[in-house]
Amino acid sequence: MIRMNELSTPVPPAAPLAETRLPIIAARGLTRIHGPGCLRCLESTGGTTGRNLCPHCRSVVAVAGVSFDLHPGEILGVMGESGSGKSTLVRLLHLDDRPTSGTAHWRGTDEGGHALEVELTACDAAQARWLRDRRFGMVYQNPHLGLNFQVTAGGNIAERLLTAGEGSFRAIRDRALSLLDRTEVPRNRVDHKPGHFSGGMQQRLQIARALAPRPQLLLLDEVTTGLDLSVQARILDLILEIQRRTRVAMIVVTHDLGVVRLLAGRTLVMRHGRVVESGITDQILEDPQHPYTQQLVSSAL
Amino acid sequence: MTAASTSSTVSAANTGAGDHFGFLDAFAKRELRRASFKALCIPGYQVPYASREMPIARGFGTGGLQLSLSLLTPEDTLKVIDQGADDSVNAVNLRRFILATCPGVAATTRTTAASVIQTRHRIPETPLHAGQIMVYQVPFPDPLQIIEPSEAKRRRMHAEVDYARLLVRLYEDLVRFREVAITNRYPARVAGRYVIDPSPIPRWDLPKLNRSHAIHLFGAGREKKIYAVPPMTTVEPLAFSDVPFQVEAFTDDEGGRHRCARCGAGDSYLDEIVLPDGGRRWQCNDQDHCDSHREESLR
Amino acid sequence: MNPSDPTPVLRVEGLGKSFTVHAAGKHLPSVTDLSFAVHAGRLTALVGPSGAGKSSVLKCIWRTYLPESGRILLSTGSGTGTDNDAVDLAAVDEHAVLALRRSAMSFVTQFLHVLPRQGTLAVVAEPLLALGVDAKAARERAAELLRALELPERLWDLPPATFSGGEKQRVNLARGLVVRPRLLLLDEPTASLDAHAAGLACAAVNAAKAAGAGILAIFHDPDLVRRLADDVVRLPAPLQPAA
């Protein structure tokens, strides 16, 4: 289904002494402009202009020139206020949206475990679906986007497994139960519908569902926003535990400094669709360089 | 396609019925035949067509009726059944209409004698043979309708062979009832590709579609879709690999199988009839099958 | 100093660091033109008045702070002593720094930042697990260190978040020593310990030193400097911030 290597674009050579592992995602200059777009969109938004709405053509520059590498097993934080473009970035990576320009090169494995490379910005609908169904997992802030409230918790997990080609009822049932164990949803809730779950449990079920096909990339969009602090802590802890155990690469989008502090090894700070600063998370938090990051950090502490 | 429409026009002309053989005009019939051919070429794919206004109400078999009218030639022998019976009101009305508009077409109740069988809810128990055409009246052509209201999205799901949510329904049934609770319209995969709604036939009839010698055409008048199972095509009920598809068992209290009270058959789809005294009796649903079986045993 | 040692674990050359606070329009110098070396099997103590930037130096090496000028050369352990055998922590990319943090250096601070629900033994063993060491071996090594630091065994399964300051600090030290780093950075590792526990901590630090680690440390207590330090780097008093 996926044409191997045909779509590959050259990836910059790995930095010296960096781990020999190549990035699972190499994004270069990702840009998404909503609206007609004009020649002056990029220069009249972002930076010191303090806006992402182009005054000349009324286009919204949601994401502009975003580049980063995500390594296997790494958790990358994407931090920014609402409207900073962080959710658009996740939508681009999850193939829910297409960039206006830029590339995002994905490197993983095919069904047989062989190396597989796909240029995400150029793949067709079938490839996009294959990647979403078997290689990516997405957890949304709103559980109604990530869960089917018409079916049971087990059915929600079953749907992902069935989509990925599992055909045995027993295997699906067993895997659903073990995923609930791992995400700390009580086993006896497996046949309940998620509408009867607490907010925290709905998020944990979303995580279980996202993990079902053993994805190689997990995207988490504001997954703890709006939850009680103790519930948040439990989910963050769970995410770290999953990362420790499965070494799945994650991109964690949040407006919350505490979330990136706990989860992310490296962090991108976004504003008006641009990455204003990126670095090792503790450096971003303790020695922020950009005025905006400094303001963000000082207002949070 | 051209050859087919030409020959039927010629035969219609020979009977003197002209353009009005089969009620529909030549253009309508040609479109129906084209859609039917396309449906046969892409087994299980729902082909849209311009369903015509018929002198019976939508929902009473207009899809099947239009198919029959486009297929019949004066040499054909027609059988119309409704719930296994040739003499139920709907079957009688449809048969009367077809015979009135298709001069030369003969009617029969014998499954073996018919060349075109229009049906609602059943496939005859008697095995079909090559050359026969089954025409089904279909209320809901899309098996995905129960899980996805948007037709645009359903078409995309069919295109992407995305049937996971149908299987989720089976999963939910197995969890809740310990068995799949779908009694009729059981979704089935045709030729390993498209999943169809086989019209409201009971599960009992579904295996008869698999590698059948006959042509099976499904017409949905209200939904304006035609789809088909060509001869000798695999039709597999959707199921989990470790939970086999099962047909109705008709087991009695002792664990044996109920038999038809009229003909004694133990291998047919049975109706449960509640008697005036509160007792129950079981009887073949397929009237022709029951009659034949009885004649045989009397002989 | 031991100039005859051909392969210092760490060479800091002309390190400079200042902070620009954009909102206040201020530029605050912290470290200026600092050079020193840390050798394998020796402990270098950073001393100086408060505000002299001792912690900033450690944080620059750990890359929690972005060094502004100079080089921070961490030996790759190949042993020829040329620049080619060292990585410049001030210049390498983030992934390389993170990899070196896992495999080559440890930073023991006064504070322990771990998730609330992990047990102590798991917290200490975790850096080894991240390196791919098998779970049983990792737990044994973690237990060995906790035992040496006399952390009561009944606490090992409990999360350290509820511990006293002294207990937490011992957990922290054990976590820093567990991977046998080439370079060990210590920021007041005994600050909250009583005399007995501090003695144990010193013994553990000396053991790491004997095992060949190069150690760079800040001590709150001048007595500890006398007892533990092989080399001393003195930082000048802070400059007046430029307006």
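Labels for the chains are A, B and C, by order of writing; each one numbers its residues from 1.
In this text, contacts are C-beta pairs under 8 Å (C-beta built on N, C-alpha and C of every residue); 3 or more make two chains touch, one makes a residue touch a chain.
Not measured: the values here are computed from a predicted model.
Of all chains in the assembly, those touching subunit B and also subunit C are A. Comparing the chain pairs A-C and A-B, the larger number of C-beta pairs in contact belongs to A-C. When each chain is reduced to the mean of its CA atoms, the one lying nearest the mean of all protein CA atoms is A.
With chains reduced to the mean position of their C-alpha atoms, the one farthest from subunit C is B.
Between subunit B and subunit C the centroid-to-centroid distance comes to 78 Å (mean Cα coordinates, whole Å). Distance between subunit A and subunit C, defined via averaged C-alpha coordinates, is recorded as 33 Å. Averaged C-alpha coordinates put the centre of subunit A at 48 Å from the centre of subunit B.
Interface residues of subunit C facing subunit A in the complex, by the touch rule stated above, are 19-23, 59, 63-66, 76, 87, 92-100, 113, 115-118, 126, 129-130.
Taken in their complex, subunit A has these residues touching subunit C: 15-19, 69, 71, 74, 233-234, 236-237, 240, 244, 261-262, 265-266, 278-280, 282-283, 286-287, 289-291, 294-295, 298. Here subunit A touches subunit B in the complex through residues 125-126, 129, 148, 151-152, 154-155, 158-160, 162-163, 167-172, 191, going by the rule given at the top.
The part of subunit B that touches subunit A in the complex is made up of residues 160, 162, 164-165, 167-168, 171-172, 174-176, 240-243.
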